Amino acid sequence: MIPAAELERVYERPESLTALHTNYCPGCTHGVAHRLVAEALDELELREQTILVAPVGCAVFAYEYFNLDGCEAAHGRAPAMATGIKRLLPDRTVLTYQGDGDLASIGIAEIIHAAARGEPITTIFVNNAIYGMTGGQMAPTSLPNQRTTSSPSGRDVALTGQPLRVSEMLATLPGAAYIVRRSLHDPANIRKAKKAILTAIQVQQRGLGFSMVELLSTCPTNWGMTPAEALTWVKDHMLSIYPLGDYKVSDAARELSA
Amino acid sequence: MIPAAELERVYERPESLTALHTNYCPGCTHGVAHRLVAEALDELELREQTILVAPVGCAVFAYEYFNLDGCEAAHGRAPAMATGIKRLLPDRTVLTYQGDGDLASIGIAEIIHAAARGEPITTIFVNNAIYGMTGGQMAPTSLPNQRTTSSPSGRDVALTGQPLRVSEMLATLPGAAYIVRRSLHDPANIRKAKKAILTAIQVQQRGLGFSMVELLSTCPTNWGMTPAEALTWVKDHMLSIYPLGDYKVSDAARELSA
Amino acid sequence: MALKGTVVIDQERCKGCQLCTLACPQNVLLLDADLLNAKGYHPARLEESHNFCTGCAVCAVICPDACITVFRQPSPRRVERTEAIYG
Amino acid sequence: MALKGTVVIDQERCKGCQLCTLACPQNVLLLDADLLNAKGYHPARLEESHNFCTGCAVCAVICPDACITVFRQPSPRRVERTEAIYG
Amino acid sequence: MNNHNGNDRTEFVFSGFGGQGVMFVGQLLAYAAMDAGFNVTWIPSYGPEMRGGTAHCTTIVSRKPIGSPMSPRPHVAVVLNLPSFTRYEPLVREGGLLVVNSALVSLTSHRQDMRTLDIPATTIAENLGSVRAANMVLLGAALTAQPALPLAAAHSALEAHLPPQHRSLLALNHAALDAGAAVVLERL
Amino acid sequence: MNNHNGNDRTEFVFSGFGGQGVMFVGQLLAYAAMDAGFNVTWIPSYGPEMRGGTAHCTTIVSRKPIGSPMSPRPHVAVVLNLPSFTRYEPLVREGGLLVVNSALVSLTSHRQDMRTLDIPATTIAENLGSVRAANMVLLGAALTAQPALPLAAAHSALEAHLPPQHRSLLALNHAALDAGAAVVLERL
Amino acid sequence: MVKELLKGNVAIAEAAVRAGCRAYFGYPITPQTELLEYLSSRMIALGRVFLQAESEVAAINMVYGAACTGARVMTSSSSPGFSLMQEGLSYIAASDLPCVVVDVMRGGPGLGNILPSQGDYFQVTRSAGHGDYHPIVLAPATVQEAIDMTVLAFDLADHYRHLVILALDGLIGQMMEPAELPEWQADPPTPDWAVTGAAHRAPNRITSMHLRADESEAYNQHIQRRLEHIRAAEQRSIEMYTDDAELLVIGFGSAGRIAASAVEMAREDGLNVGLFRPQTLYPFPSDRLAELAEQVGACLVVEMNAGQMLDDVRLAVSGRAPVEFFGRMGGAIPLPEEILDTIEMLCWSLHVVE
Amino acid sequence: MVKELLKGNVAIAEAAVRAGCRAYFGYPITPQTELLEYLSSRMIALGRVFLQAESEVAAINMVYGAACTGARVMTSSSSPGFSLMQEGLSYIAASDLPCVVVDVMRGGPGLGNILPSQGDYFQVTRSAGHGDYHPIVLAPATVQEAIDMTVLAFDLADHYRHLVILALDGLIGQMMEPAELPEWQADPPTPDWAVTGAAHRAPNRITSMHLRADESEAYNQHIQRRLEHIRAAEQRSIEMYTDDAELLVIGFGSAGRIAASAVEMAREDGLNVGLFRPQTLYPFPSDRLAELAEQVGACLVVEMNAGQMLDDVRLAVSGRAPVEFFGRMGGAIPLPEEILDTIEMLCWSLHVVE
């Protein structure tokens, strides 16, 4: 082992995160998502001009974990709250961080209308196919036959429909400038996710419209898996239902991401 | 003029409408939409098994105008109410009749989730690009630069986004079996609209999933036009923003409409 | 050759919107300037002077207030009532 | 040839999720079975026996709790700090 | 018990089709009363009739503070069309005044306990240059028959409050007010 | 003033990691008490600690109706891991009992105003066949040291209420209860 | 029937099933989620309707629709979710529809926390949405009462065609206690006002719209007359030691049962203290309380909020006796001992203690 | 300044503009729509924020966000829309955010109608969402008062960091009356708690979550202390002829001004009647009313609802005098004459008339 002093520090906890320990379960990729957002803000030097809107969900404490000005939305209403902030502070960077229950279920109206208005905010959409915080109920994003505490014999698509693919849907809206889906299940994908977050925030900075990065994420606790198994489950089961990709990249946004 | 007695009656007010005079403004095509729905129910002999969910909007009295069992939803919530009814009475035909403010603005969450669940209900979506009942405010469906009482200098798309195209958006959902857009601006289009309504109801009868017919409709009063001018405005201005067509016809539904 | 037909207009229902008068291919409908119904509108009326009603039902198809009943000379090919007018 | 590097793990932050230990290409991370941190977890630890840490930062990229600081032998081509690890 | 609505309070209702300017004439009266130092309220009907085609509003002019701005039994009803006549003719308070646009309303009142003025306002206005001034003809008549305010107050209110885009109609409106007043004075 | 929480009411807290079966052991005690004719309440903690890894529950056994199901100062605290020890050691009521899974908790209590039982429950259970029976070892010990209920009641509750999918563990659980009791009896 | 050890939320769910609840629509929220989770398998196994709605707004409107069919239906939520149901509740009430809504109250306002609270007393008793009406509100203090009141809730809902709210807090929702489940009820016939398709009869229509003031006022009078009946017939309460009580402790739900412990302790200490526990929050048992107020020297209201039922107590007592308050807020749970302290202080100041 | 003839809704809108309202978010609903419509051009012309939200739920949450930036913000709605704002209102209140919400009440419950009503009294004063708090509630009775109270609302909101509701009914919203608009207020500095980006300072965080009971209770105590201050400092009311009144008529807003006419008539008839018109509904002017209750023989509460403020009157009067009620519901408007009839009846039974 080489003494650290002689070496260059190539990675450390980003400044846009606080030192607080999170209350996420071990191996939960909410933590990865946080880190990526914080790194992106650091790199873009936006920490001091960013306002984070935290969701109701496991990430409810996000406003404490990020070293940013922040506030706490009502369940699902983060995009409305962010709209209120952004309209008054158009030169600030406004982020919402939302789970799939928050965004795709109770908050679908607010995200659609924010996107439809082309509201220049950025949404980090953490899709773990379940309601994490409340103990593992079915979400609109749960997979067919997925067992949850409110679909104990598996999600019955005949009664509850197919998983809701939000990115695909939002991509139909002209106001959406940048809508992509990435995954956090391995380092290579995490790297791509980071890049997408950077682009999304830049889309906001340039005022190109609404931007959202959907991140496939794990919930080892409620899936009843080890953290490593959970990553595999994302790869083996979620990717086919939620194909990764760029669902909407407006022309102006394309220049940025290129 | 030939005495009526010698002739065959080829058209009369459908049985599924009551004799009540509507309170729609002269020339408002809400009346046409009503008539088409009633005719379709008559032809399918469904009058006695149909439950209509009326919206809040100019069509708030629809439950009185239709000779059907009916109920009155809260603004935007007709699809949720219809879901409640349909789940308990799966063999009945359940219709929602909704305006664009009702469906595309306040009620977008409920329509999306009903469609996403593949709820076997049929929605008649009357898009007149304005809030008729409350006196002509902007709707998410209002056209760019359209003057309304809440966009008096014309809808500014930079602040409020582009018109929301609901059919295009719902078409992305697997649960949606039949999503089409028609218009009521001339007899030929009215005929096509009627056909679509028939198909949509049949889609429900066969349990194929969610069905919706979007109807481009007029609001002469709040557009500040004569009824005839309003029809022309639909043709000249709405059709280009809201192209008519079949946005989603599931394979099973295709057989029906063929 | 056009069929022969006629229409009966429920003048109390009518709101004088003129959509039928403008749509009638035969130009045989007009608003009755002399009549005001209880709602305060001049209702539509059939007025066959040069042309005659063919029972084509275009007026009924466009009438937002379902005021118009259409009659037509029985045609050889029998079709369902309301279906007939929607071709 | 691989660069030389090392990692410093904030063992009090660590939740022992093992994502780093499984992801490390050099297999030089493991959970410390002897140590229980205040949160009650066995934290990850660097254990270079056969292999050595290259400072590739894969562990840091996957760690959900931002516990890992990565050091690397200065490379000829200078790049921005965190950007470096995301290639 | 006193008559609590003596001369110090007059309740006007204006009623007619949407395009007949009933809202404006009610507001004009309110402006006139305000400028003349009265308490005044104006309130539109915004009830279920909204989409029925007929519009009406109530203007109350009073020396005392006004409690309710509603007038279920107006002192003066100005009706511009048939449905308005049917609605308000029975409601005018005893001893009150009904002003009827007889050009459009063929009925006349048979009530003996109030005054009725049949004024062919639409015709008079048409002769003056536009049927749209019928409302002013009727206001002129009403204020002459029931002088809750001097007619001059209505004239100055017109000067002061006619919206800029309608100022070309100023002369017409003045003339219409006077013409309405003249009809009443003639009949005295 | 009386001691309002005399012998007729005993409050137990069970605390440990998620997988250590603390919820079940608390419920088992509740079943036992119910079957023995006591009033009983069981309540999980569902507060902010939820996601912290440590779970705890409270079982109250009483001859009288139970008001609050909460126990801020339990008579008996059964702690299965270190964080639980840290949390509950100071809270046990004077004269109460702390039962510690000494196999996982290296600390011991220095309080003189209550009894402490250090039981290497995980080790004992492991020897019996599975570490997962440590909870039963500790319950056996607790009920022997503080006989709010006869141990037999716990045995019959096991028979009656062990969920079907765990019935293969019945013998192990019985043995664990007895083993816990034995440790206490040995030390008498 | 035998007693089982049942968790409040689950007990309510199973009681609803046995009372003939045909459909449940809900949205997860702690501390009521077990209710939804239990029904997610139970209802489907019975061939009944369970649907997790996309939100509480949707849930209450699904209930609204389902209630229109004349079936027994239910939803449940907790404080923030209950707030989202306000519009729907008002529509349901204004449509004369029977239905049962469970509010397992938690610490507020705002997001607050998931701890037990009684902070929604005003919201459940006073408004539950805009306009003039009150739901019937039942407040269980034990798991057994939660069961019994669930059955009662459905019966009252049908009997009065009225909205019934079961208002409890997280303690009762989360707690397990021995309790007996009810008998299975036979399905009532479909009521004649239900919308089921207008076959062989004139159409049924369910609406809360009354555009004309006279119609609307007449409808409101109809509601008020119904509420008068309800006030006359449905006031319910439990008493302990009220015969000779000089201090009357008043509390509902969890606060009431904790206060009961405190009253027992006070009696052991020789204090003449009684307990009055309202079981109906609307109608508030004012009649009996007014009687008791004549007799006691003072009242002590105990709540897990800042003093909300306090208003109803003051209204009932109407100056006949001083009314004192002890409350814990935002998820804090009162201890019997601290209530006892307050009791002692009050008794002392009343000279109840010789 | 000179008097202008102003419609209530428009007057409130313009008063808000002059009071420095930087942003308005709202959703159309009769009878408040003119407020939104007026601001749709006015705010944009001034370079301020106007946005028609997709719903009332979104509107109140936009307000929530905007209020976090420390700016003066407002929304408005009417009864069903106000119901939809309950969750958001509770969050705003629980985050100590100043903001102003206008409720132009209409006939309910349910869809009801668009006629004037005071049926949301409970909803605005008692809960406005779940949890323990009360908004400050101002109730104007004239257009002038609507203007003055709009300015006051913003000032009180900022001063107390508290939610302020302007509660009026469709009559005042729709009516035109002569009134004077206020001076333009200078913009207050951005408060130090606002979220604006954490530059050169530690991050600001706005939340209503308090997971631990002790923190949550402490926060609730903080709210209750603030409410105590508000109760001590902000009770406002108007009186007429109270010096020698033997019957006190009590009404707020439209009902209050109509009752004033009735009281005038009664005085003309020689009856010793006075008027008490609460201008603040929360804090209810109980202190002054309790004093007056000592002096009068009876109270008559007049409301455009089934008797909601009645509770507050009874609580304040607390048995000192009988309290009678006259109400019209669901959009019906009381006539001065019918109030006068009731006054006469009561005076007669009080032997006030010699």
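Per-chain numbering from 1; labels A, B, C, D, E, F, G and H assigned in written order.
By definition in this document, contacts are C-beta pairs under 8 Å (C-beta built on N, C-alpha and C of every residue); 3 or more make two chains touch, one makes a residue touch a chain.
All of these numbers come straight from a predicted model, not from anything done at the bench.
This structure's chain pair with the greatest number of C-beta contacts is G-H. Each chain gets a centre from the mean of its Cα atoms; the one farthest from the centre of chain B is F. Note on chain placement: the centre of chain B and the centre of chain E lie 42 Å apart, centres being C-alpha means. Our note on geometry: chain E versus chain H, Cα centroid distance of 34 Å, whole angstroms.
As a whole-number value, the distance joining the C-alpha centres of chain D and chain H reads 60 Å.
Among the residues of chain A, those touching two or more other chains are numbered 24-25, 60, 72, 74, 105-106, 108-109, 113, 140, 159-160. For chain D, residues that reach two or more other chains under the stated contact definition are 39.
Under the contact definition stated at the top, the residues of chain H that touch 2 or more other chains are 30, 51, 54-55, 57, 80, 87, 91, 95, 111, 113-115, 207-209, 211-213, 333. Only residues 22-23, 25, 49, 51, 53-55, 57-59, 61-69, 71, 73, 87-88, 91, 95, 195-200, 203-209 of chain G touch chain B when the two sit together in their complex. Chain contact summary for the complex, chain B toward chain G: residues 47-51, 53-54, 60-61, 63-64, 66-74, 77, 80-85, 87-89, 92, 109-110, 113. Interface of chain D with chain A (complex): residues 4-6, 8, 10, 12-13, 15-19, 22-23, 39, 41, 46, 48, 52-53, 55, 57-58, 60-66, 68-75, 80-87.
Residues 36, 39-40 of chain C touch chain E in their complex. If you check the complex, the residues on chain B that touch chain H are 56, 60, 72, 74-76, 101, 105-106, 108, 131, 134-135, 137-138, 140, 149-153, 156, 159-160.
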